[in-house]
Structure formats: C-alpha cells, structure tokens
Amino acid sequence: MIFGLHPLLLVTFLPLIGFFIILFLKAEQKNAIRWTALLTSLATFGVSLAMLALFDPARGDLQLVYRTSWLRVGGISIDFYLGVDGLSILLVMLTTFLTPIAILSTWSAVEERVKGFMAFFLLLETGMIGVFLALDLVLFYIFWEFTLVPMYFLIGVWGGERRVYAAVKFFLFTMFGSLLMLLAILVMGLQVGSFAWNDLLAQRQLFAQTQLWLFLAFALAFAIKVPMFPLHTWLPDAHVEAPTAGSVILAGVLLKMGGYGFLRFNLPLFPEASLQAAPYMAVLAVIGILYGAAVSLMQKDVKKLVAYSSVSHLGFVMLGIFALTQQGLAGGVLQMINHGLSTGALFLIVGMLYERRHTREMSAYGGIWKVMPILGALTLIVMLSSAGLPGLNGFVGEFTILLGAFGSQVLNSPYFAGAATIGVILAAVYLLVMFERVFLGPVRVEANLSLKDLNAREVITLVPLLVLIFWIGLYPAPFFNLINPSVERLVSLVQGAAMLAIH
Amino acid sequence: MDIGVLLVYGILGLTVIVSAVGLIVSRNALYSALFLVVNFVAVGLLYLALGAPFIAFAQVTVYAGSIMVLFIFVIMLLGAENLMLDEPLRGQRALGILLVVIFLAEIVLYYLLRTTPLQAIPAIPQTFASPAEIGMLLFNRYLLPFEVTAFILLAATVGAILLSKHEGPTRPKPGIQKPETPVEG
Amino acid sequence: MPMSYYLILSAAMFAIGVLGVILRRNPLVVFMSLELMFNAANLVFVAFSAYHQILDGDLFVFFVMTTAAAEVAVGLALMVAIFRAKRTIDLDEMSMLKG
Amino acid sequence: MNFETVLPLAPWVVFFPVLGILLNLLLGKRLGEKGIGIIASLAAGLSFGVAVLLALGLAGHPEGATYPFLRWLAVGDFVADWNFRVDTLSVTMMLVVAGVGSLIHIYSIGYMHADVRHNGEPGRFRRFFVFLNLFVAAMMILVSADNFLMLFVGWEGVGLCSYLLIGFWFEKGAGGIANAQAAKKAFVVNRIGDFGLLIAIFLIFYNFGSLDFETVFAQAPQVAAALPGVILAITLFMLLGVTGKSAQLPLYVWLPDAMAGPTPVSALIHAATMVTAGVYLVARSQALYQQVVLAQDVVMWVGAATAFFAATIAVGQYDIKKVLAYSTISQLGFMVTAVGMGAAVAGMFHLVTHAFFKALLFLGAGSVILGMEHGHEHAAAHGSHTEGHHSAFDPQDMRNMGGLREKMPLTFWVYLIGALALAGIAPLSGFFSKDEILADASLHHPAVYLVLTAAAFLTAFYVARQLAMVFFGKPRSEAAAGAAESPAVVTVPLVILAVLAAVGGLLNFPTTHWLEKWLEHSLYGVEPARFILSVALISLAVALTGLLIGWLVYGRKPLEDARQPDPLARPLNGLFLALEHKWWVDELYQAVVVKPYLRLAQFLAQPVDQGVIDGLVNGVGNLLRSTAQSWRRIQNGYVRSYALTILLGVVLVVTYLVLR
C-alpha cells in the first residue's frame, strides 16, 4: 500500500490525475502544462519503482493482485482485476520509464496545442499500463481499445503531412483485429461464466474444442499490433506521420502490447492451439525478420527505415515466443524491452535531427558526426544496440531468442533460427547504411554545417536509455531474474498441455 | 336498395374520385385547392350517410373551411400557382403510376378474394354518434389524448408563428447597441 | 351500402393521394395530396365505426383532423420560411441532404 | 611467482583498458594529447604487465585455471558465465595483444599527433585512443574467454573496434565516403562470419549441453562418435567465422579495404592481433577439429588457397599498405593451414612472429607515410608543387616514393628487418615459424606444401618489389624528395619491434621448442614440431630466389617516373592486369551478392510491400469506398424519390399480405 492505495491502482491511475490537472490549466500556460505532465509521469515512474520493490522476483505467479467486482452483466461478473507477474512487470516499467522521456522530448518539438497533446499523452499512459496489468479480459479489452483513441489523435492532430491517412489506417487496422478478439472474449466468458484470466485458465477445458478459432481471433488482434508480416503496413505510415514522442511510445510500448497479449493470453489459454500454430507463426516471424531487414534497407526516410526495422526486430520477439522454450520466451520478453529502448532512442534521435533540419530524407544529411559529435557518438551506441552487438542490450535478447528457437522441440527444426540468424547480418547492413548516410562521410549540405549539437535537455532524454542499454547488455542477470520464474511457469503450462495432447 | 339511393352514392363516389384526380392533375394550385374543397365536402356527405354528423360538420368547418383558407392564403402569398408538371426524375412517373396501380389492384383483389365477405352496414340509430355521445366519450375515456392534442395544436400554433415570423435584416434591439458600430442614417 | 364500397373508394382516394405526393413538385399540392390520404383513412375509420356500431372510430377521425390541422399549420409556415430563404418552393430544389 | 596469487589479477587485463577508456572520456578534454596518450598507453601497458604476471605464474603451474568472475546469462538450462581462462594459450595471446598493443599505443601518440593535424581534426585524438583501448579490452575478452559465448562477445567487440577505426576518418577517402564504406564492408563481412560462429555456438550448446570450453572439449570424442555429422557442421560453421575474422577465402575482401584506417590500426588490428583471432579459435578448438578429418582438410585448404591467392594479388598492388594487407591475408593463410593440419603450435608460433614483423612493417609503412606527408606539405609550402592537385596526391602510392633509404635511414633498416622476416630469411623470426608450417605440410600434405612454397616464393618477390620501389632508386615525387625521418616516439617502438622480429624465432627454436612445451598444456593433441633440414634449405632457397628475381625486376633498373608502368605489366600483360585488379573478386561479389540483394530488397520494398501488401490493404479500403460511392446515389435528396421507395415498401408488404 502506498498512501493507503493499492500500488497497481496508483500506477495505473496516477497519470489520470495529471490529466485532470492539465484540463484545468489554461492552454496558454504551456510550460505549466509541460511540467505537470512531466512531473506526473515521473511520479508514476516512482510509483512503478515502488511496485518493483514490492514485487517478489522469485515467485512466478501473479502478485500484488487487486480484484473487486465491477460490473455484473447477466449473472457474469466483470471484475476490476489487476495483477503483475514477470511477464508484465518489465513492460510496465518500460511504459513508465519511456513516458517521461517522450514527454521531455516534446519540450520544444510540440509548440501548438500543448494542452491537448499532454492530456492525450497522460491518458495514453494510463491505457498502456492498464493493458499490461488488467487480468479480466473485458477490462483488458477496454484498456486495449482505450489506448487507440489518444494515439489516434496524437498522430492525427500533431502528425506530419499525411497524418490523417496514417491515423485512420492505424485505427482501422487495430480495430479490425480487436473486434474478433472481443468476440472470442465473449465466447469464452459466456462459456466459463467469468472473464477473469485465472478462472478462464482453470476451466480451459470448457472451450478446448474451439480453441483454435479462439487462438486465431486473439492472434489476429495481437499480430496486427506486433506487427507481424504481412499485417505490418500500418506501422511505417503511422511512424512516419506520428510526432517524435508518439513514435517513441508507439514503437516502445504499443507494439509490445501485441507480444504481451500472446504471452498472457494465447499461450496459456490455448496451449494446444499454440503448439499447433507455432511453426506457422515462426515462419511468419522469420519472414518478418528477413523481409523487414531487406525493405528497411531501401528506405530513403530515416523514420521509415527504423519503422521497418521494428518489423524485423519484433519478428525476433515472435520467433522467441513461439519457440515455446524457456530461452525463447525469456529472450522474447527481454527483447521487447530492448526494442523499446533502442528503437525508442532511435526515434528520439531522428526527432532531434528533424527538429533541426525539418526533413527525414537521409540524402539531406551526411557527415553529421562531424558537426554533432555528441549526437554521433550516442547514435552509434544506439545503432549498435539495435544491430545486436554484444555488450549492448540487443545482443542479449537476440542471442537468447535464437538459442531458444534453435533447439525448440515445438518448431523441431534449426532452420527457423538459422534463417533468423541471417537477419542479424541484414540488420547490420541496414543500420550501418543508415549510419553511414546520415552520420558519416563529408558534410554535403550547406545547412548541416551550422547544426548545433545536443543541448542538455536532449542529452538528458537520451542518457537514461543509454544507461539501460549498457546495463542490460553488460549485466542482464537482474532482468532475467525478474522474467525467468514466470516464463518457467508458462513453459511448464504449455508443455503440460503438449503432454496431454500426445496421450 | 332502390335505384335513387344507389345513384346518390354513385354520384358522391364519382365526385370524390374525380375531384381527387383533378386535385393532382390541375396545373394551377388554386384549382387543386378548390378540387380539394369539393372532395372534402363530398366525403363529409358520406360521413353524414354513415351516421356521423359531428364528424361531418367538423370536416366541413375545419377542413373545407379553415384549412383550405390557409392553403389558399399561402398559395396567394407565395405566388405559387404556376405549377411545374415536367418530371426531372427519371422513371419516377412511370414507376409511381405502376406501383399505385398494383397497389390498388391488390386491395381490390383482396376484397374480391376474401373468403368471408363483409356484411352490409347495419341500420344506424339516431342517437349513435350524436355530439353529446362524442362529448361524453371525449371527456371521459379520451381525456388524455384530447388534452395532448390540444397541446399539440398549441405547439403547432406557436411553431407556425415562429417559423413564419419575418426576420428582417438584423435590426439592433433598442438599448443593446454595440458601441463599435456607429448607427448611420 | 356494403362496406366494400367505402373501402374501395377509400383505397382509390389513398392511391390518388400517393400519386400526388410522388409526382407533384409543388409542395402545396403535395400537402393537399397528404390531406387526401388522411381523408381516405378517415373515411375507413368512420365506415368501420358505423359497421361495428362503436364510436371510437369517429373519435380517431376527430383526433386525426386536429393533428392534420396542426401539421398543415406548421407545414405551411415552413413553406413560407423556405420560400423566403430560397425564393422557390420547388421540392426538387430542396435536395441538399443527400449522400 | 605463485599462480594462486596472480590468478585474481586476470580480470584486470580487460579492466585496465576499460579504466583507460573511462578516464579518457571523463578527463581527456582537460588532459591534452600527452595526457590522453599516456593514460591509454598506460592502460595497455598495465594490461601487458598483468599478462606478464600471469605468464610468470603459469610457469610454475602450466595447466592453467579458470578465474570465476560473474554469472552473465542464465536462462533455463542455459548458463553462461563470464570467467577468465588463464592458460598458456590464452596468456600467449594476451602477451601478444597487450605487448604489441602497448608499443602501438606509444607509436600512435606520435603518429596520431601528426595525423590529426594532417587531416584537420585535432579533436579526434582522444577518440582514437578510446577506440584503441576499447579494442584491447575486447580482444582481451576474446582471448580470456572460458566459453564460446564470451569468446563471441569479444569476437564481435573487436569487429566493432575494427569498424570504428577503419572509419576513423569517416569523411575522407574517395568521394569522401570510401573510408566509411570500407568500415561498413568490414563489419558486414565480419557479420557474415559471425553468423557461422553463432550457428556453431547453437549447435555446440544443443549437442554438448554447455558452452564451456572444458565441458565441450572433454565430450568431443564421445559426441563425435555418436554424431559425426554434427561435429562436421560445427567445425565448418566455425570455419565460416574464421574466414570472416581472419580474412580467408572467400571472406577476405574486407581486409584490404580496411587499410583506410590510420596506420597504427592497420598494424594492431588488421595485422597483429584481431585478424589472428580466427587462428586462435581453431587452435583453441583443436579438440573439435581433430575429430573430423574432413573439417581439418577444409580448413587447411582454405588456408593454403588463401595464402597463395592473396600473395599473387600482393604482387600487383601499388599502395604500400595494400601490399602489406594482402601479405597479411597470405600469412594468415599460412597460420590457418597450420591449425588446419593440426600443427597448432606451428600456427601459434607463426601468429606470434607475424605479429612482430607485420606490426613492424605496418608501423614502418606508417613512418614512411608520415615522411611522405611531411615532404608533401613541405613541398606545398615552398610553392614548387608539381604533382597537381593537393587531394590527388597519394602519400601511400609506392610509385610516388623511391630513394627513401637515404631520407629515412632508421625506418629503412627496421623495415628491411621486417621485410626479410616476412620473406622468411634465416635467421629472422619469420623463417623459423614459416618453416615449421612447411615442414609439417611436407610430411602429411605434399600438395599443400607445394602451394605454400609457391606462396612463400611470391612473398619474397613482392617484398623485394616493395623494398625496391619504396627505398631504392631516386625519389619520384617532391614529397619523397622532401621526406624526413619520423620522431623518436615513432621510431622507438619500431626498433623494439624490429628486435622482436629479428629474434622472435628463439621462441620455438628447433632445439629448445619453448613455445611447444609451453602450449602443450593447453592445446589439444599437439603434434611435436619437427625441423627438417631439407625443407628449411629449400624454403630458404625459394625465398632468396624470390628476393633475387624481385631485385632483378625492380631493383636493378629502378622506376624513373611515377607514371611509368610496372615492369611486369608488359611481359605478364593480362595476368598483371588481373593482379592489379585483385582478380576482380570485389566486382564479382558486387555482381553476385550485393547487387542481387539490393535488387531483391528494392523489389520487396516497392512492388511487394507498397504494391501488393499495402495495396491489398488500401484495396480493401478502396473497395468499401467505391461500394459506398455507388450506394450513396440512392440517397439522392429528392423527397419524392424517398416517397416512391416507401410506396414500393408498402406494395411489397401488401403483396405479402395478399398472397399469404
């Protein structure tokens, strides 16, 4: 209990308090609004640290559970049911960690309608945290859809030229997937008589016959969010048009909701279907890895390049998840965090360049390291982390995933991991090409000669990310300690189902 | 039934039909209105024959009298006598007539093909539907609808006045004059 | 007289009214056609009232008539207002609300 | 020295350089160039000191031990610890890395002082030393690794440093971008190799249940007996990694381009240490390789083919560093052949001596380049500037040199020692180490022996060619004429290296075989080295012949003018053109690998992604839109139309009622 409140309630709804404060501020008080948003998000981060302190990493089950009856519909209770375990705690931390950074990055980038921007941002944070904490499926669905609206406006109002197209595409894509998920939730809830995650888990046999369909319905929603090939085309558009902070959150957190959904719902609730689908999902994941890498090489827009690289990176996550091994799953969870940090940082960097030059075309840059040595060095580290260089975070995740996928008995073939490993080569190609085009070579464009290096605020936004990039890369054990017990439970759950399926 | 009665009914029916047709085909709206008056009166006579004198008189006074006056008044006001008889909507006329014919044929067929034909109307006692009887019913069983109707009429009156009130070029209300717009002569 | 006389007469009146509504572009004539259709309905009410020797039919006619009066009042006022705004009352000119 | 007391020092081989990095990052700006150089050199030097202490400790305890440091990664049944392996093999590598590394750090103080000014970016002095220290740290992680994962960490780490240092002057080179592209090429080609190594690591984990060297090597015979195919796959995938890192066929192409880096980098990373990591890996994994003869043969032939192939290319190069680069590839081929044949000691021996003399040659070349740049600037300052445009002048082109023997005597003499060692002239170090490889090959693999001998001949030939072009004859440019000897901070390391290159043969002198006795504690299945007099004499004769022919072609009648064609160009005609153009391998790769991949990527990006996939998505949207577009006509705004529709409905309802 913190201030007599349940920590999970507090961490979920603290941003909402900031939201209401901002509503009462005048639109002209831009700095007051910014500070309110920043302090609120920092406070939320603080609370999430307290949550982390209360969390017992040795246990793999749900902790800090908060459950109260909320709605009663037709004899079925929909609970306000929150809880956290090793699968979600890092994602919650990532959310609370990235939000203040993203807000800080907007300090000078967003000058118009600051009030609306910050209000939506805090709203978004509540939604995202809710998604990761909700354990009642209806509640989960509500939070899931709830995140759509602020993001829709963040892209559609503060975005680039084709923002409306991108926002609508983003909205429709996600909505399309999640409607089927809602249907599946209702089917399960009505059969079991409860929407609570563990009730569904306990009475899984009630919908075991239809689980392949349920799996597909959930998988569609999550695969769009991840996004898996070939459902990824909303992502580049959304990223290119979104404002920097929006891109950071979109790549950093919103995409992770898809991966998290697979971990939390698809695998434990439909284990037999998961086993059945795993090779197909892995094929899509591997295609995504290679395809994303190839396509991103051809992009002229830095942001688009990074967006397609997300397709590639999240392919690794999906491969790890559907390897259904301890290493694969743990690596998948960690890689989600890694991707949030690295890609978030890359988007911040692109935003910093964009703020200075108002273009994202790589041909407009070149030799930036010479004029902006601090940015050059920081970008180098981030780029290498994204390329999976040992000693930085990306490697730890990718290696664990590939290791898990290589020997996975579910996939039963090393070729998945083998093909995915080629993705490691290709990642180096497109990232180095990007770095070369933007930062290396001579300064070709006159306007770039007078670029100012990062100011203190910008360095402060990047440094926390870099600290974590190094931390995870050099000493990942604490993170795996948080993840491992829950993943172990998940693996034994799925493996147990596999055993039953054989007999 | 003797031939005289049949003749009367025949003429009445014919009047009703002819005036209705005249209403929709006449070029001048004024003629339409007059045809409608004829129609109303003929229908009113039929009401009388059906033993509903109160309704018959109401028909003549309310409809043929006041409502039609209103119509004619508006026709004159708007100068809308000139009627456009051409049909810009493709297929509207043909399809409309076709459907109406089918509709009519169906209704007639329906009567003709009924297995249990309708009886003739029984003889109507004098006291039936006298104003007193109607009044009793109106203020007892149908009090609430009556009051509601009254209210609807009131609302309609207010609405009609509001709608047709002429809002001329915004005349500044006395006393609430905006200081920055000087009044010019 | 047999009931079918009134019923067929009423049907004919109603059908002509419908034709008027569908074919005429002058809203005043359309209004009148509507009144025609009201009357067709009223006639059936009164006929059945007599047929069943129950007064309720007559009362319904009474209510229909008052409501029709209200409708005409409002409708004509609208007509006037529209004419003021658009200088025409051609129904086909009033097709702004379309997909 | 007691082994137990020095063992805990092992992590410091990594952490001294790391400390150097941190100090330089934090304080470097205030310390100035001297301070930066001293800190970085001290870091490398202390690392070397620790290595020496470890070596002394090992002398009394040659089995070595593992110093447990950190549980790095533990997921499920996969556990990888960061432990420091201290045995004779790893300490040998540490000594080479830190020893040569320290000398090059010191050399760099002088070289980079001039270089950053020559390139007009004095601010990058610190960056260079940070990268250099980072390299030492990564290389130490590699050689001190106790399992394949940590080895891989170091393996990629040195690749990164290579990338950073090749691209150090990232705005220079042809078109301003050539250096950056060379760096990228090095990283990507290395990544291809790393792909192989990663797969090998996965295979090892799933077939041995661990990545620890001890566990894996102990089980190798059993696993090989049970699953021979798996061991073959492991060793061949590992070989792919080796060809990437050690620049063997077919992945050698990055190393010549890597000469874009500053010369000390070429000496340290691309000659002496990093590129030998592959040799180290095969030597370390002898337990695996010796289980499958086929894998050994493949390694051996890859090495031999590379040794000959690269030597031919070296003959046709004009850039002083490019010659050395191909020579390095060729010499690495010798080492790889040796470890492939199972003569790991010979391979390690050549690795060590090569580190000495090739570092010496590169640093000597650096000294020459410094002299040329000095001369060029001198000439430019005096206005007698005839070579044309400033940027067109290439201080590394041997055709522009000549006669430097008199201008830079010290450099000449040490260079001569290095060159003769490379050529394999007794009693310099290269003779002994190369001879050991040749002797082993002559016993077991005569075909390989012939190839290697041919490569040795070519080596001697291009060495003579280089010496003649650089140091003899008359200066062929104003820069060469105005060249001056380099400062002491540059020449002192040269002298030390020259001494080492001269006497390095003592390490495994035929009678004592110190190195063999030292390494046999940590190498699996060491074959006793042999000294075969006939082989030695033949190789010496071959080397002398090579030198002589080289001298006859290039030295007797030196080039007169920078634009004069190579004397071999006419007699060899098309063949020499092929050598000059490196057998068009780069072009081949460009056409076979790079272009098709780019085309594929373009195909995926445009027609597939934007066209098909996104087109499908937008197509659904457009379908809906056009459907709605046609349906909206129904809602036409005409009240009468609506009325007609209502009538239609009425008719339908009545029809239903009638027909019911």
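A, B, C and D are the chain letters, set down in written order, and residue numbers restart from 1 in every chain.
Quick note on the criterion: a residue touches a chain if its C-beta (ideal position, glycine included) is under 8 Å from a C-beta of that chain, and two chains touch if they have at least 3 such contacts.
Here is each chain with its UniProt name: A = NADH dehydrogenase; B = NADH-quinone oxidoreductase subunit J; C = NADH-quinone oxidoreductase subunit K; D = NADH-quinone oxidoreductase subunit L.
As the structure is a computational prediction, the values presented were derived from the model and not from experiment.
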Core chain by centroid distance, with centroids computed from Cα atoms only: A
Gap in Å, rounded to a whole number, between the CA centres of subunit B and subunit A (NADH dehydrogenase): 68
Inter-chain centre distance, subunit A (NADH dehydrogenase) versus subunit C - centres from mean C-alpha coordinates, in Å: 64
Subunit A (NADH dehydrogenase)-subunit D separation of Cα centroids, rounded to whole Å: 37
Centre-of-Cα separation between subunit D and subunit B, whole angstrom: 101
Sequence positions of subunit A (NADH dehydrogenase) contacting 2 or more other chains: none
For subunit D, residues contacting two or more additional chains: 638, 640, 644, 647
Set of subunit C residues in contact with two or more other chains: 18, 22-23, 25, 92
Pairwise chain contacts, counting only pairs that touch as defined: A-D, B-C, B-D, C-D
Contacting residues of subunit D [partner subunit B, same complex]: 638, 640-641, 644, 647-648, 650-651, 654-655, 657-658
Residues of subunit C defined as touching subunit D within the complex: 18, 21-23, 25, 91-92, 94-99
Subunit B partner contacts - residues on subunit C that touch it in the complex: 1-9, 11-13, 15-20, 22-26, 28-29, 31-33, 35-36, 39, 42-43, 46-47, 49-51, 53, 55-56, 58-59, 61-63, 65-74, 76-81, 83-84, 89-90, 92
Subunit D residues touching subunit C - in the complex, by the definition given at the top: 631-640, 643-644, 647
Contacting residues of subunit A (NADH dehydrogenase) [partner subunit D, same complex]: 169, 172-173, 230, 232-234, 291, 294-295, 297-299, 325-327, 330-331, 367, 369-370, 373, 380, 384, 389-391, 395-396, 399-400, 402-404, 406-407, 414, 417-418, 421-422, 424-425, 428-429, 432-433, 436, 439-444, 475-477, 480, 484, 488, 491
